[in-house]
Amino acid sequence: MAWTADEIAKHKDGSSCWIVIENKVYDVTEFLLKHPGGPGIILKYAGRDATSVYVPIHSPDAIQKNLLPSQCLGSWDGTSKQANETQTKKTQDELRVEREMKRRPPLNRVLNLRDIEDVAKKVLPHSVLAFYSAGTDDELSLQENARAFDRFFFLARVMRPVSKCNPSTTILGFNSSLPVFVSGAAQAILGHPQGELNITRACGKANIIQMVCTYASIPRAQIASATLPSQPLFFQLYKVTDTAATAKVVQEAEQLGYKAIFLTVDAVVVGNRERDVRSLWVLQQQEGQDQYYVEGDPEATTNLFGTSAVNRRNVFDPDLSWKETIPWLRSITKLPIVLKGIQCVEDAALAVEAGVEGILISNHGGRQLESALPPLEVLYKIRQQRPDIFDKVEVYIDGGIRRGTDVIKAVCLGAKAVGLGRPFLYALSAYGQEGVTKMLDILRREITISMQLLGAASIRDLTPELVERVDWEPMRRRDSKL
Amino acid sequence: MAWTADEIAKHKDGSSCWIVIENKVYDVTEFLLKHPGGPGIILKYAGRDATSVYVPIHSPDAIQKNLLPSQCLGSWDGTSKQANETQTKKTQDELRVEREMKRRPPLNRVLNLRDIEDVAKKVLPHSVLAFYSAGTDDELSLQENARAFDRFFFLARVMRPVSKCNPSTTILGFNSSLPVFVSGAAQAILGHPQGELNITRACGKANIIQMVCTYASIPRAQIASATLPSQPLFFQLYKVTDTAATAKVVQEAEQLGYKAIFLTVDAVVVGNRERDVRSLWVLQQQEGQDQYYVEGDPEATTNLFGTSAVNRRNVFDPDLSWKETIPWLRSITKLPIVLKGIQCVEDAALAVEAGVEGILISNHGGRQLESALPPLEVLYKIRQQRPDIFDKVEVYIDGGIRRGTDVIKAVCLGAKAVGLGRPFLYALSAYGQEGVTKMLDILRREITISMQLLGAASIRDLTPELVERVDWEPMRRRDSKL
Amino acid sequence: MAWTADEIAKHKDGSSCWIVIENKVYDVTEFLLKHPGGPGIILKYAGRDATSVYVPIHSPDAIQKNLLPSQCLGSWDGTSKQANETQTKKTQDELRVEREMKRRPPLNRVLNLRDIEDVAKKVLPHSVLAFYSAGTDDELSLQENARAFDRFFFLARVMRPVSKCNPSTTILGFNSSLPVFVSGAAQAILGHPQGELNITRACGKANIIQMVCTYASIPRAQIASATLPSQPLFFQLYKVTDTAATAKVVQEAEQLGYKAIFLTVDAVVVGNRERDVRSLWVLQQQEGQDQYYVEGDPEATTNLFGTSAVNRRNVFDPDLSWKETIPWLRSITKLPIVLKGIQCVEDAALAVEAGVEGILISNHGGRQLESALPPLEVLYKIRQQRPDIFDKVEVYIDGGIRRGTDVIKAVCLGAKAVGLGRPFLYALSAYGQEGVTKMLDILRREITISMQLLGAASIRDLTPELVERVDWEPMRRRDSKL
Amino acid sequence: MAWTADEIAKHKDGSSCWIVIENKVYDVTEFLLKHPGGPGIILKYAGRDATSVYVPIHSPDAIQKNLLPSQCLGSWDGTSKQANETQTKKTQDELRVEREMKRRPPLNRVLNLRDIEDVAKKVLPHSVLAFYSAGTDDELSLQENARAFDRFFFLARVMRPVSKCNPSTTILGFNSSLPVFVSGAAQAILGHPQGELNITRACGKANIIQMVCTYASIPRAQIASATLPSQPLFFQLYKVTDTAATAKVVQEAEQLGYKAIFLTVDAVVVGNRERDVRSLWVLQQQEGQDQYYVEGDPEATTNLFGTSAVNRRNVFDPDLSWKETIPWLRSITKLPIVLKGIQCVEDAALAVEAGVEGILISNHGGRQLESALPPLEVLYKIRQQRPDIFDKVEVYIDGGIRRGTDVIKAVCLGAKAVGLGRPFLYALSAYGQEGVTKMLDILRREITISMQLLGAASIRDLTPELVERVDWEPMRRRDSKL
């Protein structure tokens, strides 16, 4: 069947959303909430031809993997200019991005990870920034993740030789030049056309380990083939309800040479990220296309984010369990297993009992459960209540880390390494591979200097006695330039 | 006697306040402070014809119920145009409301309860908003009620099956689809012409229980008749000094099928709500009718809010007692009794001894005693000091709840359910019945997702171990949009 | 000797300051820092004729009491117009005061003590406001005095009969209609021509006790003669180095019928009140008379506030002692003695041992020692550590009290009564005697309502169990209107 | 070899930096990070003739001491006007300094150290202010150093004779008129052409001891010759890798009559002071010379602050040790030894064991390790955990002290004296020697008055019982004028 642009244009929002790709018309209403990049990006092209933005950032088989045959509704008759004419005029947001790309500071004027983030926030399309930066609900956990580091102060030691200061360590037995790894930074292609590949390449040179997401925007085989000979990769697994499908993914990763499985346990459903949802409306407002309420509006009750919709559309397996999930995973892979998303001491202890090789204390960067305790606080609780756990599994944390001192604080408290997610996406979006390299250089410099000033010549010297949790509220304004 | 508009217009403030309704002249000076909608609304029409605004929102017998025969002073001669001419020109405030009503966002762009509140604050008349939103004195308790929730963080559990997550519970034995009920949201008609009825209808569809106030703006019989067959209603009782009158009210409610009596115990006198009192002056200022002090001004000493006035005009029974009030109430009704307004552990224990079925920990939404401890903190103290109380009565809280996570935190600490008041009024005022439905949809979605991310499949799974009161100050800015 | 206006005009600042009063020329350089109204007021008229502002607010013998004969330098030749011509043109500040006096809100729109303070801050001359409002150094204690009250929350009791709520009490055996008294509000004449007299009259009608300062701007005999028959007055004593002079003052007060001596113990030297010192410069800046540094400026080293100057000019006795001062005071008066300015538990205990009748916990309204602990916190420490003290002496506090709930919190913790200082000056300055009456009406209403809501029918019912010091930071913005 | 201005101008940034001084061309790329004034100052003149700014503030042998012969590249041909033409036009920053110098308030209007700092911040060149004021990373320690004082309140004592209040004390046996000394304020010449000499002279008159830095901008012999007959000086030592060179420096200091060695132990590498690094770019931006990123930019990877650069260029000895450093220092000097930069109780105890005469608790004014605990908190911890240490060595602190009350708090907790650094530089920069004198006058007045109000007549009376660390967050805004 061939559709006219007028007909297609009627299906332009969450209640019915069609898009055109390479002259084919797809109904993506059901898919909106499954889209790893968030629904905002798709809705931007609802009722229109999305070919020019879709093709460069998706693999050729993405449609057949994600949509049912019945969701292809036919073809676009192509005669009307309406379906793609909106492409010809640039939006305010696109114009801003172009302008800001030319105004990026030179890389030697970028002093810290916040600087890079500032650049990225200027040059990223609004909807991508919203997807990258969003936290749940009021973003309380997102914010507190970072603020937690400010409460931990150093009790620095002096008169200790530090000329040979060496910040390298191992993670699951693999060498790492810093106690730092790339944690769950998916959909990198939204920020840079080379996507995760640039992170892989920069990490290879810097001897840093990258965790690649099930939903990476570049095929995991392609990422694997971009590594240096001895460069390890880890694999971040999302288990879906279709267990066999997940098993296939795991085995493929193992065959591709990935060295560990980080099983995501904090995402049985998707968190409520309002910044992401709102991004489309912000863009419409910029374009003077605001919408107003009409009484009796049918969208009042049947809308994009009704509860039933959420449950029906959820793609992740909500029924993970200690009893079944770990044994099953062991049965299909020989790789070490790390649980990503541990949020309390009790589950850390259960993970030890379950025999996994590591736990990543994380609340998914404040993107899942609102009011989840900051990872650094959970780490501190383990240190206080169950220090034996550090001897039994490797413990990592992620969330809110922006400075070398943040890394050191976590390591002092017992973390074997810390993960960073958004900073890699920001560095990539702002400056491509050079940005990622720069970011790692900065971390290396900050970690080295701070270790020396702390009196520590090696990671082993970073002990709990060097940090203290204070009982007042430091007042750093994290977002301001000096 | 027939009064001219000129004569009537002289009685235009708190020292002597007359209004005209359907050509009758009433002296409402005494009644000002008894008006459940606050004195501001009446004073707006002081010395004028208030028929057009009065009639649509009051029951036909409201005057004879509330005023003495002697307070009807006669009739208006009707000849002068002055008494009602001010009606012909719209105020700045009325124009604003009209303008903002057209600019409400579509309901599918309303993501949370704060969004709805934002809309309501734009479309409500200033004096109604002041009445709804006001807290006591400097509104410290009002603000701290909400901030208290930010201090409680989750220790989420993972690897627990949650696909069958069910947030339903019972309240006093009645089914409720969520651990949520409508708490003390009176005078709904000020925000929407259908008043409490729209809340009743939306709650019926959503299987949520509504507590109807003694001073509801819709007759309680009419509300009862708007329920679905098995839809329960609770009755919020204000005991007045005339005990027989109160008994009559209770028995009428029981006969109408109300299922429980929530006896208000935190309102023996009316709190000092300055925002409400000021609202009239704000409107006058907008109209360029500001007033200035004249030395020797008689209002200096004899004014609206002198102490003696307060005591003389108080309508509530200030002499409730454990010894007499509960036994008396038991003697006139078979309905379960809940005390609304418990504010400390000791009184919670006394309530158990008094044999009531439930207690609602509340400081009246920060509208009564300033510096009253936030309900969540009182709940937490009961959990720490007297956890046995949760086994003996049902415990509820209200005050400051705006998110699904707020609900869950209270339930984890022992609340059987939580009440929301203002949010229902805001939803009603902003979008009518659709707004209330939307608000309940949002809560259901937020509660469900958060329970799943917390590892809880049922209300039973929400235990005290899942929350922790932290010792730092989270810095959520509650009033800002992301 | 007769001086020309030109010669007089050269002595116009802190290094040499002359003024003309009724054609006599005085050198007041030495007196500047002894002036109870602060140096700013005098410096405003330095080198000029100050007659018109001096005469209305000083007693006829003020000059001979305060200046040495040698400090009268002769007479003004009176021929030049320069000495007083500046009087003919009003300053920006004077114009502002005139304008704002006409814009004061009617008294029945003044809802609380902050409202009155807001009016006063608009209508007071800048230098007087600076003198009244100033605290020491960075005004940390000034601010924390008030903030301390926000940390104490109520655990309200319900179901207690409160219709007969009565907030009256006794202070040193004298009846007081509220647990409130006037504390150390001197120099009232700067804010209103009737000065302390208006406070006396309003307190007489309201049955509130006034503490009259040694440095009251109205002769203490005149104040005594303005009382109602049974109206008690207290006397705030500053002991000066000349003990005999102080003895004379005490005995005069006793003869005039003052009922108690409040000996000031927290002011052995004058605190560093920068706001007060700066006020003159602000006025000069408003008049476009700014001054700039010139290198080698002799004022660099010999200036108004050098240390030696401070010590030389200090008028108060810096050598008070437990051993000598109290016995001496006992020996010259039969009046009860209260120590004003106790700041720690240890000194409260020493005061008990010294046998005084009462202690006023105070840091002089944040005007003396910076970083002094807030009085409410000191009171709380006595309650925690030495509750027996409350049985042995009457304990009062002052500093930062602005609401009825503030009063109640202090009384719950053990205060027999609380003093307010600045609020009386603000009420007087804004609205004269009517303002003071209004202010007491407000306090009475706030105290009564809050006691009722707290479940307290009398001052006896206000017990420590009703308040709790919380461990978080409430965020009231005290200076904002709702 | 003779270079043209064009050739020289190509070497204008951190990758290759040449400057011309007295017609000689130097390659200072390597030296940039060794420059005690920070690299920003040099980079400002990169590729240009710096003679006019260099000569007045450096000693004649500075170049041969700091640069290798090979780093002199030859001479400038002098024909082109380009190398120095930029000198002829004043920058925005220079114009601002000139303007603000004329608008400085007279010294008798400077009331406190913050006032002086405000003036200094207006009249200092941007790059010098950046160097003086910078802290590490996000300046959290810098800020918290000062905020810590706000948490300590006084429990003032009354009725204690204080007329003979005397704030003098001894430091290492030398008389000091206040418990205050000059701590580590180097590079004073950047703020005033007389540099450290003016501090020396003002301290001599005020009987205050100055600690002179290894990197003072005036030769230490010249400083020594500016002292009054009995005026002691202390010497702040930086040990460099070349131990013999350091020994020579120490022995020279001893021969010049310096009285103690303060060995810097918190600066084994230079902290990450971003404000300092950024200052050049701010100036360029002011001049409309902003730079933007070009993809493939070689500076992306090889830039000024790469890690390797940091390590290679570090000048300080990173291998201090308890075992070797103190014995070595003892072996070459008879002077008392104080360790400057102790940051925890454990190292304070080790210092006692090592037999030094004193310890200076310091985090280098927040310029070295970010998140270092504020010195006042470290002092407090020693008081709580190891009060015996105060009997065994003299303990000092520096960092964040701005008020007399700050000094007193530290002394109460056990400090023998406190050091101030930046305030001396600000006073000098704003008003020269007169400014330093003024600043000491202010401190003397503040300390004396506060001691008297605290009931202390001598330093001995300042005991731990007089201060209390509170558990709430005082909210002083330190940077606002009253």
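Every chain is named by a letter (A, B, C and D) in the order it is written, and numbering of its residues begins at 1.
The rule we apply is simple: a contact is a pair of C-beta atoms (placed from the backbone, for glycine too) under 8 Å apart; a residue touches a chain by one contact, two chains touch by 3 or more.
As the structure is a computational prediction, the values presented were derived from the model and not from experiment.
Trainee: Go through the assembly and pull out the chains touching chain B as well as chain C.
Mentor: Touching chain B and chain C alike: no chains returned.
Trainee: Among the chains, which has its CA centre at the largest distance from chain B's?
Mentor: Greatest centre separation from chain B goes to chain D.
Trainee: What's the call on chain C versus chain D, same or different interface residues, using the half cut on shared numbers?
Mentor: At the contact between chain C and chain D, which are copies of one sequence, the residues are largely different (under half shared).
Trainee: Which angle of rotation, from 0 to 180°, maps the CA atoms of chain A onto the equivalent atoms of chain D, to the nearest 5?
Mentor: Resulting rotation angle: about 90 degrees.
Trainee: Using mean CA coordinates as chain centres, what's the gap between chain A and chain B in Å?
Mentor: Spacing between the chain centres: roughly 43 Å.
Trainee: Compute the distance, rounded to whole Å, between the mean C-alpha positions of chain A and chain C.
Mentor: Centre separation, chain A to chain C: 60 Å.
Trainee: Residues of chain B touching 2+ other chains?
Mentor: Residues 471, 473 of chain B touch two or more partner chains.
Trainee: Can you list every touching chain pair?
Mentor: A-B, A-D, B-C, C-D
Trainee: In their complex, what parts of chain B are in touch with chain A?
Mentor: Counting only chain B, the residues touching chain A are 102-109, 111-112, 150, 152-163, 165, 403, 405, 409, 431-432, 434, 437-438, 441, 444-446, 448-450, 452-454, 465, 468, 470-476, 478, 482.
Trainee: Mind pulling up the chain B residues that touch chain C in the complex?
Mentor: Going through chain B, the ones touching chain C are 14, 134, 137-140, 143-144, 147, 151, 265-266, 268-272, 274-275, 277-278, 281, 291-297, 299-301, 303-307, 310-311, 318-322, 325, 339, 341-347, 350, 363, 368-373, 377-378, 471, 473.
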